[in-house]
Structures are given as C-alpha cells and as structure tokens.
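Only one structure is covered here, and it is reproduced in the block below.
Chain nomenclature is as follows: A, B, C and D, assigned in order of appearance, with residue numbering initiated at 1 for each chain independently.
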Amino acid sequence: MDSLDNLAKLFARFPGIGERQSRRFVYFLLAADEQYRSSLAKQITSLRAHIVQCPSCYVYFEGAPKSMCSVCANPKVNLKSLLVIEKDADYLSVKKTKLFDGRMFLFGGLVPIVEKDTRNNIRIDELISIIKNRATSEGLEEVVLGFSLTPQGAHTDQYVREQLAKAWADSPVRISSLGRGLSTGTEIEYSDSETLKSALQNRK
Amino acid sequence: MDSLDNLAKLFARFPGIGERQSRRFVYFLLAADEQYRSSLAKQITSLRAHIVQCPSCYVYFEGAPKSMCSVCANPKVNLKSLLVIEKDADYLSVKKTKLFDGRMFLFGGLVPIVEKDTRNNIRIDELISIIKNRATSEGLEEVVLGFSLTPQGAHTDQYVREQLAKAWADSPVRISSLGRGLSTGTEIEYSDSETLKSALQNRK
Amino acid sequence: MDSLDNLAKLFARFPGIGERQSRRFVYFLLAADEQYRSSLAKQITSLRAHIVQCPSCYVYFEGAPKSMCSVCANPKVNLKSLLVIEKDADYLSVKKTKLFDGRMFLFGGLVPIVEKDTRNNIRIDELISIIKNRATSEGLEEVVLGFSLTPQGAHTDQYVREQLAKAWADSPVRISSLGRGLSTGTEIEYSDSETLKSALQNRK
Amino acid sequence: MDSLDNLAKLFARFPGIGERQSRRFVYFLLAADEQYRSSLAKQITSLRAHIVQCPSCYVYFEGAPKSMCSVCANPKVNLKSLLVIEKDADYLSVKKTKLFDGRMFLFGGLVPIVEKDTRNNIRIDELISIIKNRATSEGLEEVVLGFSLTPQGAHTDQYVREQLAKAWADSPVRISSLGRGLSTGTEIEYSDSETLKSALQNRK
C-alpha cells in the first residue's frame, strides 16, 4: 500500500465518502497547487487550536478556551427554555431562524433503534444533570426535544423522555416536542394521519 | 396507424403515463384473457352510471343521482367548519384519518403560478357562493384551506384568500390554513425557517 | 366495495401500476368526456379482433387471422439468422434500427433466477421445435440470443443454451449472443471487466 | 468568517462536495481524535514528495522522481498499441482488468462541447508528439481512443481524431475507438440504434 492508498483510506473515513470518492479527493489534491495543499494541511492541524466546544451546549465554535458560545453567553438569553437538538448543523439551522430565544443543547447523536449499548456517543447523563441544575438554580421550566421526525429521531425522543422520567420522578420541568404539521413540500394526498391531525389542530 | 397505436394513444392521456408505458398497457391487454378485457371495457362504459358527483362537495362516489356523499349527508356533520381541498384523493386521505368532523369542498385543482386564465378548472365561484350561502343559512364560521405545501399549493391558498376578500369584504367567516410543523421524515438540519418556526410554536 | 373500487382494482393489474395510480386513472376517467370513455372501452373490446399474433415469431400486430407479421412474411428475409428476443417492445426496437435482416422470435419472458417452474410463460419448446424445423427445411444457420444484459437476461441466455444443447446434441446451428461493449452513457471508470474486455476486442 | 468556515471553504473545492457536506467534514474532524487529524495533515503535506507523475503516461503513482509507472516501465509492454484514456481512475480500471498489454496515455480531461478554449487542461500537444515519436522510434501502430461514451466523451473522441489528422496528414498509425455493444445492465427495449447495431455485429 502506497501513500496514495494511505491518504485515500483516511479520506474514506469522512462522513458519506466511499472508496471511490476518497481516491478522487487524492487525485484532486495531487493536481491542486502546492499552496492549496499546504493551506489545507495547516488548517486541519490548527483546527482545534481555534475551535472550542461550548461547555454549556457542546457546540463547536471559534473562541477562547472555556468560553461559552454566543447563544449561551448572551445575557438576554431566555433561561426558561432549553432546546435539545442532535448536532452542530441543527444548531446552525435553528440559530439562523432567530426564532428561539433560549439555550440549546447538542445531544451528540440519535439513539439507534436496535443497538443495546446506547450511551456511547450521546450526552444523556450530561443532559439530565444540566436540567436538574438549571431547574434549581436558573429557573429552567421547559425542555423542548427537537429531534428529526425520522424513526431514529422519534426513538430518541422517547428514550430521552424515559430517561428523564427515571432520573427525576416528579420533575417540575415540562418536556415538549417540536410540533407536527405540513412542512415545505408536503402533499395532502400522501400525508400520514399524525401529520394531518396536527395540521388540522394547528391551523391558523 | 393501426388499432394497437390507437389504443396506446388513448392510454397515453392517462395521468402520468408516457408513450412507452401506454404501449405496455396495450401489450398487457393483448396477453390478458378475454374476460378481463371485457370486464374492464364494461366497467369503463358504465362508470358514470354508478358514480355521481356530490352536489355539495364535488367528490365522486357511488350513489343515486343528485344524492350527497356520506360526509355531506351525515346529519351529525359539523356545519361550522368547511375544509377546502384540491381533489378526490385528498378527500379520501382526510376521511381516513377520521379527524375532521366538518364538510369538505373539492376545489378541483391548483392555481398555476404563471398562467393567466386560472378559472378554467377550479371552482372558485362555486366556493364563494357556498361560503356566502352557508354563512347565512347554516352557521358556517370557518373555512380551512387544505392545499399541499408546494409552490402551487401555496399560490392557490393565497389566490383563494384574495378572491374571498374581494367577493365578500367584511365576511364574518374566518379563513385559516393547515398548520405547519415537522412532518414525517423531516430533518431539522434541512428544515426551512417557516417550518422550524411553526414547529417551535406548536410544540407540545 | 363500489364500482369505483372495482375499476381501480382492474387498473391495478396493469404493469407498473400501484393502488394509488390506479385510483388516479379512475378519477381521470370520471372527469374525462363521455366520448373518450366510450372510445377507450370500444377499442379495448375490439382489440383482439384486429390484432393477431404472428404464428412464426409471436409478435402482436394488426392483420388478418393466421397471417404472418411484416418481418416474417417478407420474401427477402434472411432465413439463415434468427434473433431471439424477450418481448414485443424489443421487436419494435430492433425493427426500428433496420439493421437485422433475419426473422425474430419472441421468447415471451425471462427465466427467473430463483423460481423452479420456469416453463410457464416462456416459449422454450416452441423455440426448440422452430430451430429444428428451420435448420432442416429453411437453411437456418445461426440463432442470436438477444436478451437484456441484466442478471435475469444473462440467466435466460444460459438457460436457452442449456436447453438447446440438451434437446439437440450435435446441432449444426451456431448459437451466439449479442456483443458487449460500451453502450451510450457508459463511463470507463465504472465499467466492469467484461465490458472493457469486449470494448477493447471490438475496437474499430 | 472564522477558522471553521475557512476550512469548510477549502473542502468545498473538493470534487463533488457542496457547502453542506464540507461543513460536515469540519465537524467530523473536530470530533475526530488528534492523531487522525495530524496524520491526515501530514499525508496531505507530503503527498507530492512520494507521488510522482509518470513522464510517459502522466499517471500519478508512488515512485522515485522521473521514474516511469509499472505499466510504462514493463519491458514486456506491447509498444504497438497505445490506449488514450481520460484520467487516473480510468487507468486503474483498465489495469485491473489485465486485458490490455500496451501503454496508456492520460489525456487529462474531456473536451467541453460548448467552450472555445479547449487546450487548457488536456494534453493534445503531448499526445500528438508522443504518437509521432513512437511511430518512428518504437513501432507504435495503433492508438485506441478510450473515452467514456457520454456526449463529452464522444466529442473528445472526434476532437482527437481531427487534431491528429491535422497534425499528421498521412499518418501510418491506425486510430480506433473502443467497441460498442450491450454493457452490464443494458436493456434491449431502451437501447439506441448505434448500440444495437454494434451488439449485432459483435455477436459471438
């Protein structure tokens, strides 16, 4: 195995990249100019020097070590509401809408439907502890579960509700989930009952 | 052009059927047994003898001439609400959910975004007149617009609102549209702001 | 079940048509004008009155009962070559190219890879008997197997070769298959070895 | 714009990678362990130190500077045939088949159908000069054009033939193109005439 294969193998671990495309990346880099390659390598190397993870919501952002992200650090942030989402990309989507004034929390993944050991990559313990602390000290009143409406997302919603109920039996914190309804592109003819029901209830 | 081509041409006018598939239909019929072909022809011929169109909501159903469909004829139907939908398939989808207790109205199509002559296939005049009559005589209070959340559906929603406003300036009838939110399969990362906003507002 | 459902069920047997689209067909017919419906029914009824099956190659065509199709009946047809294809649509594709001057034979289907009872819908017995007769009486020298290059097509190719070998051990008739190579749209990078090999051998 | 955006922008120049996926790559790297990131950066930096471009066929491979690739350097290579292909991935596909015993030549791209300035990224001058030299000194007899059978590939085939004819009027070198025929997955019904014609001619 030569260095071309070696680099291709590293790229093949990128999300959504197969063997074929990872080789294309290598050929692309071979044909690219020296400056681009060195700039890419340098930024990969120094990535974690500039990007930190918010200790409050776990999002990655550029900032000083141990600092909080712009949402969590905002003095005007609504401390009553916490929106639990899966990942960084969701954080950006929600932030862009400027519609949610509370803090977010990155759960770190979805809970697989079949697997046994679910605690590996997700932050259920951190979430439970944050909810307990903030309900006591910061006036947290509501946790909104904001997972995708896929089978795994629905399963994660249910899992979080169960774990929270187990960990804190008579919690005063209200748990809600994002509302259902027609989303862009939805056709009435192909809608499931749950979607139509919510769409009828939430009409306005 | 022979009779094989002729029949293929008739099938090519079926919705969603191109030239190639229309020929397949003909070959399928050629290979089918005599009984199937004659049964098909007979039912096509007698179709309108058994199926009538509800004079109240315009849905096609099997019944006596001039009779109303089971929804419109239901003595317990909620006369306060009218759900406007595009077509027969939507009527079936909504009916199957058993979630809406009012009458429906089939608009007959969507309003094209670019075309000039929009009145051809849609029942805007019939809708306006039904709303006026029922608001006066039957206690109609609310019209729910239930078009698909596609560009054409959104355009039709807007068109109906404009035409109603024009036709009846200070109408006491409330016009609403189906609620937005996450629908089955929606991923947070790819959601538009409008959908996320509604999903946040309608959380529960 | 009403007559609307009944007709939808008949359409659902059309090739490639599911339940949903079969209902669309019915709604389309309900909205269509009387003349179109009656014309469609009439042509379905009289289809087999005008269309006959060629006793030589089994293609459907418009003609007198027991007459042969234009290819088989052509006095200039090359009797040395017989092209075996799957179905009517293939016959039309080959005929349109005007590149093959022999007769064709419609095999009637492909041989499923997993099923046991393969003889149901295919004309293997007819094919064997035609090859024997024509080799003796008409100078047939070559049979070209022209099945699609799908797994089922390849399996059918192999099946026909085996059955012919079994039925006529030292047959003087040469069996060939359509040549491989690059076909429209083929990309070198994604080509399998068999295709590249043939493409290299057949270069010109 | 922060360093997260900067790195995403560099990844967005990778072939086939859009804005969204380039951000995913960055998040993936943020979550990856330090060793993986540093290994990736190091191999990107040193890529061109180990990988050289064959001076004979222009393929990238791991070797000493100015050395030839294993195909071109093979003492048993058939010098009579030269296969012209588009890119590195094609070289690998052909090499894997072990069916071609001559040298290859990477053309470096396809000739766009609409653009004026076609000479930018392709090696037409190098190809012409190599053909002339090898025909004289090494016994080159045949050039096989092995471009994909896409519109651009067909256009490039034609372009190379024209340029060769212009550059060397009475060249004794034969120019051929890869053969056409059924390729894996091809269905007879949907085949174009050119493909069917070649498939019939190349039957075996």
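Basically, contacts are C-beta pairs under 8 Å (C-beta built on N, C-alpha and C of every residue); 3 or more make two chains touch, one makes a residue touch a chain.
It should be emphasised that the depicted structure is a prediction, and the values quoted were computed from it without experimental measurement.
Where touching is counted per the definition, subunit A and subunit B have no chain in common.
Between subunit A and subunit C, the least number of touching-chain steps is 2.
Taking each chain's centre as the average of its CA atoms, subunit B and subunit C sit 40 Å apart.
Centroids of subunit B and subunit D (each the mean of its C-alpha atoms) stand 53 Å apart. Among the residues of subunit C, those in touch with two or more other chains are 87, 89.
The set of touching chain pairs reads A-B, A-D, B-C, C-D, using the touch definition from the header. Those residues of subunit C whose C-beta lies close enough to touch subunit B in the complex are 2-4, 6-7, 10, 13-16, 20-21, 23-30, 34, 36-48, 50-51, 53, 60-62, 87-89, 92. By the touch criterion given at the top, residues 83, 85-87, 89-90, 93-94, 96-97, 99-100, 144, 146-150, 153, 176-204 of subunit D touch subunit C in their complex.
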